[in-house]
Amino acid sequence: MEKMLIQENVILVTRIEAEKAEKVLARYPDAVYHEDARMIVLKKHEIPIHGKGTILVVSAGTSDIPVAKEAFITAQVMGNKVQSVFDVGVAGIHRLFRHKEMIENASVLIVAAGMEGALPSVVAGMVSRPVIAVPTSIGYGVSFGGMTALFSMLNSCSSNVAVVNIDNGFGAGYMAAMINRV
Amino acid sequence: MEKMLIQENVILVTRIEAEKAEKVLARYPDAVYHEDARMIVLKKHEIPIHGKGTILVVSAGTSDIPVAKEAFITAQVMGNKVQSVFDVGVAGIHRLFRHKEMIENASVLIVAAGMEGALPSVVAGMVSRPVIAVPTSIGYGVSFGGMTALFSMLNSCSSNVAVVNIDNGFGAGYMAAMINRV
Amino acid sequence: MEKMLIQENVILVTRIEAEKAEKVLARYPDAVYHEDARMIVLKKHEIPIHGKGTILVVSAGTSDIPVAKEAFITAQVMGNKVQSVFDVGVAGIHRLFRHKEMIENASVLIVAAGMEGALPSVVAGMVSRPVIAVPTSIGYGVSFGGMTALFSMLNSCSSNVAVVNIDNGFGAGYMAAMINRV
Amino acid sequence: MEKMLIQENVILVTRIEAEKAEKVLARYPDAVYHEDARMIVLKKHEIPIHGKGTILVVSAGTSDIPVAKEAFITAQVMGNKVQSVFDVGVAGIHRLFRHKEMIENASVLIVAAGMEGALPSVVAGMVSRPVIAVPTSIGYGVSFGGMTALFSMLNSCSSNVAVVNIDNGFGAGYMAAMINRV
Amino acid sequence: MEKMLIQENVILVTRIEAEKAEKVLARYPDAVYHEDARMIVLKKHEIPIHGKGTILVVSAGTSDIPVAKEAFITAQVMGNKVQSVFDVGVAGIHRLFRHKEMIENASVLIVAAGMEGALPSVVAGMVSRPVIAVPTSIGYGVSFGGMTALFSMLNSCSSNVAVVNIDNGFGAGYMAAMINRV
Amino acid sequence: MEKMLIQENVILVTRIEAEKAEKVLARYPDAVYHEDARMIVLKKHEIPIHGKGTILVVSAGTSDIPVAKEAFITAQVMGNKVQSVFDVGVAGIHRLFRHKEMIENASVLIVAAGMEGALPSVVAGMVSRPVIAVPTSIGYGVSFGGMTALFSMLNSCSSNVAVVNIDNGFGAGYMAAMINRV
Amino acid sequence: MEKMLIQENVILVTRIEAEKAEKVLARYPDAVYHEDARMIVLKKHEIPIHGKGTILVVSAGTSDIPVAKEAFITAQVMGNKVQSVFDVGVAGIHRLFRHKEMIENASVLIVAAGMEGALPSVVAGMVSRPVIAVPTSIGYGVSFGGMTALFSMLNSCSSNVAVVNIDNGFGAGYMAAMINRV
Amino acid sequence: MEKMLIQENVILVTRIEAEKAEKVLARYPDAVYHEDARMIVLKKHEIPIHGKGTILVVSAGTSDIPVAKEAFITAQVMGNKVQSVFDVGVAGIHRLFRHKEMIENASVLIVAAGMEGALPSVVAGMVSRPVIAVPTSIGYGVSFGGMTALFSMLNSCSSNVAVVNIDNGFGAGYMAAMINRV
């Protein structure tokens, strides 16, 4: 369990399992637990949108969704409009293209992918916007707990890509929020 | 320099630089040097096509072409019809789709890529055909001389992909020729 | 547990333990659980053979059998005639040679091996057919969970070898099936 | 040598040595060679500033300057106001604090560092702005050609940091320019 | 559990969990268990101070405290005056500077840090005293169980730093005690 | 260049290139240079055979011969009867079996191999004699300068195999000589 | 659990925990369980000594004893006179020298060590006999589960050392037995 | 070439080759070049000894001497009495013991070693003094340019050892000088 206080009126707790979360919620009835993202959010009042454009979170496979959701909620809680497109891996590239418009309208993009980590390169090639790539620890054998995805993303042939640590959905959301305020 | 005798009426020499190749050609005037593939081919007579379908060689960037060409010539010399699509990296995925028909008509595909090594996953997702992926040592920093591309390809989320050693264009062409005879 | 739908009339579930499988079978009485391969197969009706030749699955040690069986069943379910030769490691090479005829008659070969991963090179040296090598995570110390076998296979001095990810029996069977249709 | 065409009226060539650059300049007298950054810039006319705020490039040691300068010029050529603070490594942290005001006024920061790669964490802790960290291949022994700096940066305890490939000054400048337009 | 007899009148047991420790204490009622450091100390009589100056233990984050405490108690038990400054990571460098005086007055310093392992470089740059750096296994993704912190510390641009094994608080305390007697 | 004095009446110099060797020979006319093994041998008088049985040196490919020869000459100079079988790689296993008798008659065996390093396992499976395996740095891509062969050999499924450092023909010959005297 | 049948009248089972061993012993009352070596030995009748000299097993620390014992019993069961010297690590080198005579009288030596793996070099420097080095997985941090000890041993500056896989006591004993019969 | 200004009246230049050094000496006739250490020393006047005891530099092999000498001169120039014992590797441990008295009289010890890096453990076991271990990049194969020696030293079973970067003789001398002033 990791605690993180971001802004004066929001408390975020990341990587907290359901069982532990229940105990926290029993004590703080206003807190909300997001099970798919394994996060607790506790806000004093509604968070106003002050980010400039829309942040779009894209994820390659269903197993990448927890990390993608962590990024999603973090960015949202920091005052941004956030959208998502999940399960659009490169092995079925046509599924990605169905969301072309949403991709082109985003001001900042977060792309989460495990295994070969190819999705950020493809998405970044479709836009002239900053893309934050998040490798996930999804895979087996030579996925090395996310290392292969990480190195793929650092090697991206698209230049509008920067990378955060493996499974660091929180960092990706935080960085995207910083960018969306520039 | 590596020598390889493949069939009774062809001799292939791979990884031979222009300067050395010239000396070989001076002695064997019937031999042909392919500078981009760094190969010498010496055939006694024309090689008949006995492979069943067409082998297609796809490469991600211009720097991957030498490896792709090594695969191309090897497959061709082993009696196959071979076609190629070069410089269609995933950062500009629309360039790849322009060749959709050629991709769908191939019976076996060879895909060479360095850096993040994402192209084989994308291409394999477009067909129901065996894809031989060849990582190349193109890149710097965490490309690790082709290791990142290699691991990406082994982690491919497409199941119709098998991989050969880094820069092993010869092996890819040889394997594709074996497959095209099944 | 990983689910994989391959063809319209077959569902394959891989890497599923006996206990979980039982629950699935209780709900789908037509499904069959292959304990050694840790797979569930659910077919609507018999699968016709449409692969051209015979796919042969060879494995080095008894511990490699689960991965070999995963490849076996995958290839079979995809409409191929499949045979197997198990427990013929290179430390007793004469055991392999007893199956010389079966090896020479196969149209595609899958070879699973852990530890030093030497078997694919030996088998591939005996035939002029495509060999799909599957490293297994069998071993300890410097076997690195299958990495040593993987690198051995990529370094094979036989050219008719291509490799899939560690323990990826499914991928090997799938790729062999693709090849057997060319 | 790598060529990169960024915008309709600018051509950038990166990683080009003095000797080669001279030949290029002989042919294109309007081109300018920046020796410390090993870059050639060829513009048709002055580039208007359209980035929103100031991009600040910070570097740890004198040996990191070439990479830092590559980032500087790239960002500048893409239409941004760029400033720099060089040689402010963490071993003499007071030197960094002398530039506190400039750091706090930047809208996007690029921090280049080799060896232990600690500077981005320190700088990012001083601002609420996006920081692009560029590991450099400076160091010996366990610096592993920039790998240690890279991993340090990905592990940063500051959340407003994202990372590009080793020595990828171009990518850092490009990404910062993207961010400065959001 | 590791036992270590250091001096004739003290017995130290390191890396012992609470449950086991209880059993030991039941048998040796004079022993004291330090839960945060996971150590048991059993002294025959008070340990006289014979180290020359003060040893200061500095740690980056709250998660590094167990290792820091192990170093603290080891140095103390070996007859030294020991002080500590905990939770002064580089992402909030101003917190470190609040303790400037204590840092400058120490004769030997031990600095424990995980993740990017940057703290020893910063602290060592503030003094002309020997600094023993202890990497901790705190972090995830590319922290590699402390390897990134270890390599950062070995790459320190400050020359008054030497390093011990990951999580080796005992060794750091022991080495500092040796130095404080020179 | 490495010098090694083994016995009172022999001097061995290993890893010495032809050009340097010539200069040494000019000064010591009794010395002999073995170009394929890159060694100089200088004996005061003939070396009597005092090893018990025959040491057999086996090598996988032609490129492994320099290392194999270094082992051969070292063992010979230390007073052993030595035989050799070169170029019998596992991709053409029948070539190895042609030498079955010689293999079975040896008292100690040295097996040199690069690439996948599979030969020692196969040879060791044919005899009940100690086998010293020498990985060579032959190969490219994931051969990692001999690491893959080294790890393969350490993972050998034959138990009568022990391994020396990469390219350490001298060590293999020395160890075999030690064993042949037991 | 691994089973190994070595000779017609002995069965060895290695790496078997006490609980499982009990069940085996219940069925085979003649079998003996060696708890420190985690082995079961089942002999039809006494094993005659046919090894030539004495095999000496040396181990560095108390934690290396299980591996050392596995080597001891394996060599003994294969018909050798075996002696042992345990807990003589290089940090207290005088303890090793107390056993100088026993070391000098052995015909083959097995040396087990974890952590820095330095003992085989020191022991091998004291004799002109073959030394089989066994790295153990003892240690933490950068011991990498025995890798550091393994690489130390392969790098030994003594030439009469060959190495087996990490924790492979069985292999060391087996190899020593092979050598002791030459 | 690296320049380092240590104290107000001394300038040290490290890692400078003879040819370059000559040019520097031509301009600064008072400077002295130490070829074996590849260092230039330029002092305004004699350096007074203010270190408390004697610093002893020990090195394992002749190839480690350059690094050992760099440490020696650095410590000396910083105002210490320094002694040295060279070429006392662990394969001939008796050579080390000849210097027992000098070892026991030192107040701080620096031990340089490549290959298996075992010497610091042995030396540290002989004294109750701080030992600074310097791995050198001497060796081949699995010495990994000093990594094996580095990891051995960090794993030392002696607790009075701390380590600096590979080949970092300067750092070792600097750290020892810091310690000798405590």
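To keep things simple, chains are lettered A, B, C, D, E, F, G and H as they appear, and every chain counts its residues starting from 1.
One rule holds in what follows: a residue touches a chain if its C-beta (ideal position, glycine included) is under 8 Å from a C-beta of that chain, and two chains touch if they have at least 3 such contacts.
The structure displayed is predicted, hence computed values, not measured ones.
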Under the touch definition above, the chains in contact with both chain A and chain H are D, E
Please give the intersection of the contact partners of chain D with those of chain G.
E, H
Is it true that over half of the residue numbers where chain A touches chain E are used by both copies, so same, or is it different?
different
Which pair, C-G or G-H, has more C-beta contacts?
G-H
Distance between the centres, which are taken as Cα means, of chain F and chain D, whole angstrom:
52
Centroid from C-alpha atoms only, then distance chain A to chain D, rounded to Å. What do you get?
26
Could you tell me the distance, in whole angstrom, between the mean C-alpha positions of chain D and chain E?
37
For chain B, residues contacting two or more additional chains:
141-142, 147, 150, 154-155, 165
Which pairs of chains touch each other?
A-B, A-C, A-D, A-E, B-C, B-D, B-F, C-F, C-G, D-E, D-H, E-G, E-H, F-G, F-H, G-H
Please name which positions on chain B make contact with chain F in the complex.
135, 137, 146-147, 150, 165-168
Can you name the residues of chain G that touch chain F in the complex?
52-53, 107-108, 128-130, 132, 150, 154-155, 159-165, 170-171, 174-175, 178-180, 182
Chain C to chain G touching residues, read off their complex:
140-142
Residue ranges of chain A in contact with chain B within the complex:
60-61, 89-93, 115-118, 121-122, 124-126, 139, 141-144, 147-149, 151-158
